[in-house]
Amino acid sequence: MSSTQIYEQHYRRLDASIPLRNNRWIPIAREGLKALFALRAYLGLIAIAWLPVFVRLVQVYFTTRFPEARRIVPVDDKLFCDFLGQQIPWMLLMSALAGAGLIANDMRTGGLLLYLSRPLTLSDYIFGKVAILFVSLSMVTLIPGLVLFLGARSLAPDVLGGMSHLLLVPKIVAFALVLVLPTTGLVLAMSALARNARFAGLGFFFVFVGSTVAQAIAWRATRSSYAGLISIQASMRRVGEAIFGLKPSRMTADLPPEWALAVLAVLFLSCLVILKTRVRAVEIVK
Amino acid sequence: MTARVVFRKASRWYGPVMALNDVSFELGPGVFGLLGPNGAGKSSLLKLACGQLRPSQGTVELLGRPAFGSPEVFHSVGLCSDTDAFFEDFTGLQFVSALLSLNGFDRAEAEKLATAAIETVDLKDAMHRKIGGYSKGMRQRIKLAQALAHQPEVLFLDEPLTGMDPQNRKRISDLMKRLGEEGRTVLVSTHILHELEQVTRRVLLIHNGRVLAEGDLGEIRDLLDRHPRSVRLKARDARGLARELVLLPDLVSLNLEDATGHLLAEIRKPDAFFSRVQELSATFGVEEMWVTDENLESVFSYLVRK
Amino acid sequence: MTTETEIRATRPVWSAARDVFFISIERMLPRPRSFWVFLLLALPVLLGGLLRIYPPKDLPLTGFELYGMVIALFFVRNLLPLVALLFGSALISDGVDSKTLTYFLTRPISRLSIFLGEFLAYLVTVLTLTVPCVVLTYVVLCAGTPQGLGFGAPNLIQDLGASALTLFTYGSVFALLGVSLKRPLIPGLLFLFVWEGFVANFPGDAPNYTLTAYARSLIRHRPSEEGLAELFSKFFGVGESVLVLGITGVVCLALAVWIFSRREYVISS
């Protein structure tokens, strides 16, 4: 009689459980950021994106020397709101550079399988990638915003030194989150939809720029502030103006900020749904 | 001999990394094995040979022309590269036909040649399916088909048997042999020795960017007489045979294996050793003799040994 | 030592380019990315349809004026350069990324043929995506208006020419970036949004050094500019614009071919 054992071939469930470690996304984020910080282009982009901070600080310094200049360039909430709004182009470039390939490259090369062959869940993977982009985008929005606040406060203590002005910190954080979170979601969704980083990056630009241009046209055709809801950028700016308590710009004058925020929230949640459904370890060949 | 691929003192480096160092050889008709471990410089050599890279120094000629910048030679050259890259949305037939159209064949002719090449690699049943849905072995075979389809005089095959099942390995190995017998030049790159042994005895051994040896495997081995060769002998009176052999001046070592009763000899001058064994064979009942290291593995191990 | 094999000449440029074109168009046009780009380019058709179905009270623009704004702002100034960046920069670099360029480089065809074939495929692809969207936008916005379809028909033809020239010129510029750089995306975006976006609206002669200033000058029925653009926008004559865009496109193409012909592409597994 042969000694070869014939085993049953049906699926057997392993009745054992190994507790997963906490914060499993951290190594993904850490390694991703390490790889990005090794890129000269990434560091260069951060350096360029920080130039406006110094320009603004010079502006604040100028107003301390010539107080009458504050009538033209006031040092108040608008300064910080405008600053963050002007960081949007750098945030877009950073998204294309740092975010476009985050998932697309893994999907194309089968790297996702490597991740999921470790004790990681799909959510850990997505969260790790979100963290990479969140940090990258914060490097050109939130962090320079806060540095600008600290710099301006020390340069112009008579204007920004009071306790009441500390409220600017949560405002800067809130507006930065409004900028960074939907952008992070959109870039990662694009990265999950395209298998090529270049197409993901450009797809993101198409949506961002396309929606802004469409809004400009719709506004000029209808003169309706609600056209702002078409544009991601206009919605972001409208929410930002509301956070800083500023008068809305002409094209979104009558647009309720809650609506703009709802559009951004829906966009972010839709992107998460796309990520959840698109990011799979197995490619289905039709 | 007609040289179709000629390297003259060719070197190639990528920045500070030297991929090939002062390589010279000529290849005529027949199958040649390009052998070396991963990172030895095989792929760089093939890329130079088929004109994808320029030599940093020296010259590389393909069919009498400089390999780089002479697209006309590709009427008669086929390349099966090591990259797993295809026009994924094309069917196998579309893929091979499309590439044949670039060789100047009209549509009907291209389809005819493509079908024939696909048949050769036994992929006819799948030729109307998209390449994106092919298995690894099928992808390898369709890549081979595109290299063969225009019946080139010179074929460069980079790891051609990767991912194939044993049946197809045999089929493709036979095909390579046949192409060599037809007078084509086939340069097969591999790091799997036994694959190559089934196809050719003519090899080019490469390591760290240098060609270590070139020629027939046996000839290469003969050049290495300074390196002792291992011979295993089975004899009725192994101890008696050992007493005689130990007197040979070029014997390096001699062991009697207790378990098998075989004699293991390490010798420097094989011809003299074999003659002496011949003389003694009747007396001591020599039944069998194997040269245990005359395969690519042992030659290669010896050559690259530090 | 010589060879016995008789070598035939490299294939004629145009015949080889035609064969490369057929392969490349098959790999460019029926792809998901083309479908998504088409949907985005068709956005004005959707917006126009909504405006026609639900016309706002006191619409300040006629359908034809609105169409002029769409062609100038949406197509020529923003989306077509992006489309050119998407497809143009991918011409050769896509082959390098997907490692399929080797199949072209190991055939008896010159690199000029490869480049021309791919560039023609690019032009046909982007025009196939753009022309229906421009025409449909015109039809949706102008049909049934008091001015009717006939009123702006000559402008529509001119706009299609302007779109084609914009795609040609930007496509050449980005093809040049694609063959020269390993990662053309960020430099391409910087060019589009920093150089073209800002410099075109600078005062003085600065707009002379941007392509968008010439491209927008080709749209003769554009609406008036607003904001800073209204103050500083500079416009050129049609002949001058066509000449500058055409020459820039041809020069960039020639440079791209020159670089592609000399460059080594290290494609490995």
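Chains: A, B and C, in written order; residue numbering restarts at 1 for each.
FYI, contacts are C-beta pairs under 8 Å (C-beta built on N, C-alpha and C of every residue); 3 or more make two chains touch, one makes a residue touch a chain.
Computed from a predicted structure; not experimentally measured.
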Taking each chain's centre as the mean of its CA atoms, which one is farthest from the centre of subunit A? B
By Cα-centroid distance to the whole-protein Cα centroid, the innermost chain is C
Whole-angstrom distance, CA centroid of subunit A to CA centroid of subunit C, is 29
How big is the gap, in whole Å, between where the Cα atoms of subunit A centre and where those of subunit B centre? 53
Taking each chain's centre as the mean of its CA atoms, how far is subunit B from subunit C in angstrom? 48
Which part of subunit C faces subunit A closely enough to touch in the complex? 33, 36-37, 40, 43-44, 47, 51, 56, 59-61, 66, 69-70, 73-74, 77-79, 82, 85-86, 89-90, 93-94, 97, 183-186, 189-190, 193-194, 223, 226
Touching residues (chain side subunit A, partner subunit C) in the complex: 41, 45, 89, 92-93, 96-97, 100, 194, 196-199, 201-203, 205-207, 209-210, 213-214, 216-218, 220-224
Contact set on subunit C toward subunit B in their complex: 1-5, 7-11, 15-16, 19-20, 22-23, 26-27, 30-31, 98-100, 102-111, 264-269
In the complex formed with subunit C, which residues of subunit B make contact? 1-4, 6, 14, 26, 43, 47, 50-54, 63-65, 68, 71-79, 81-87, 89-90, 98-99, 101-104, 146, 153-154
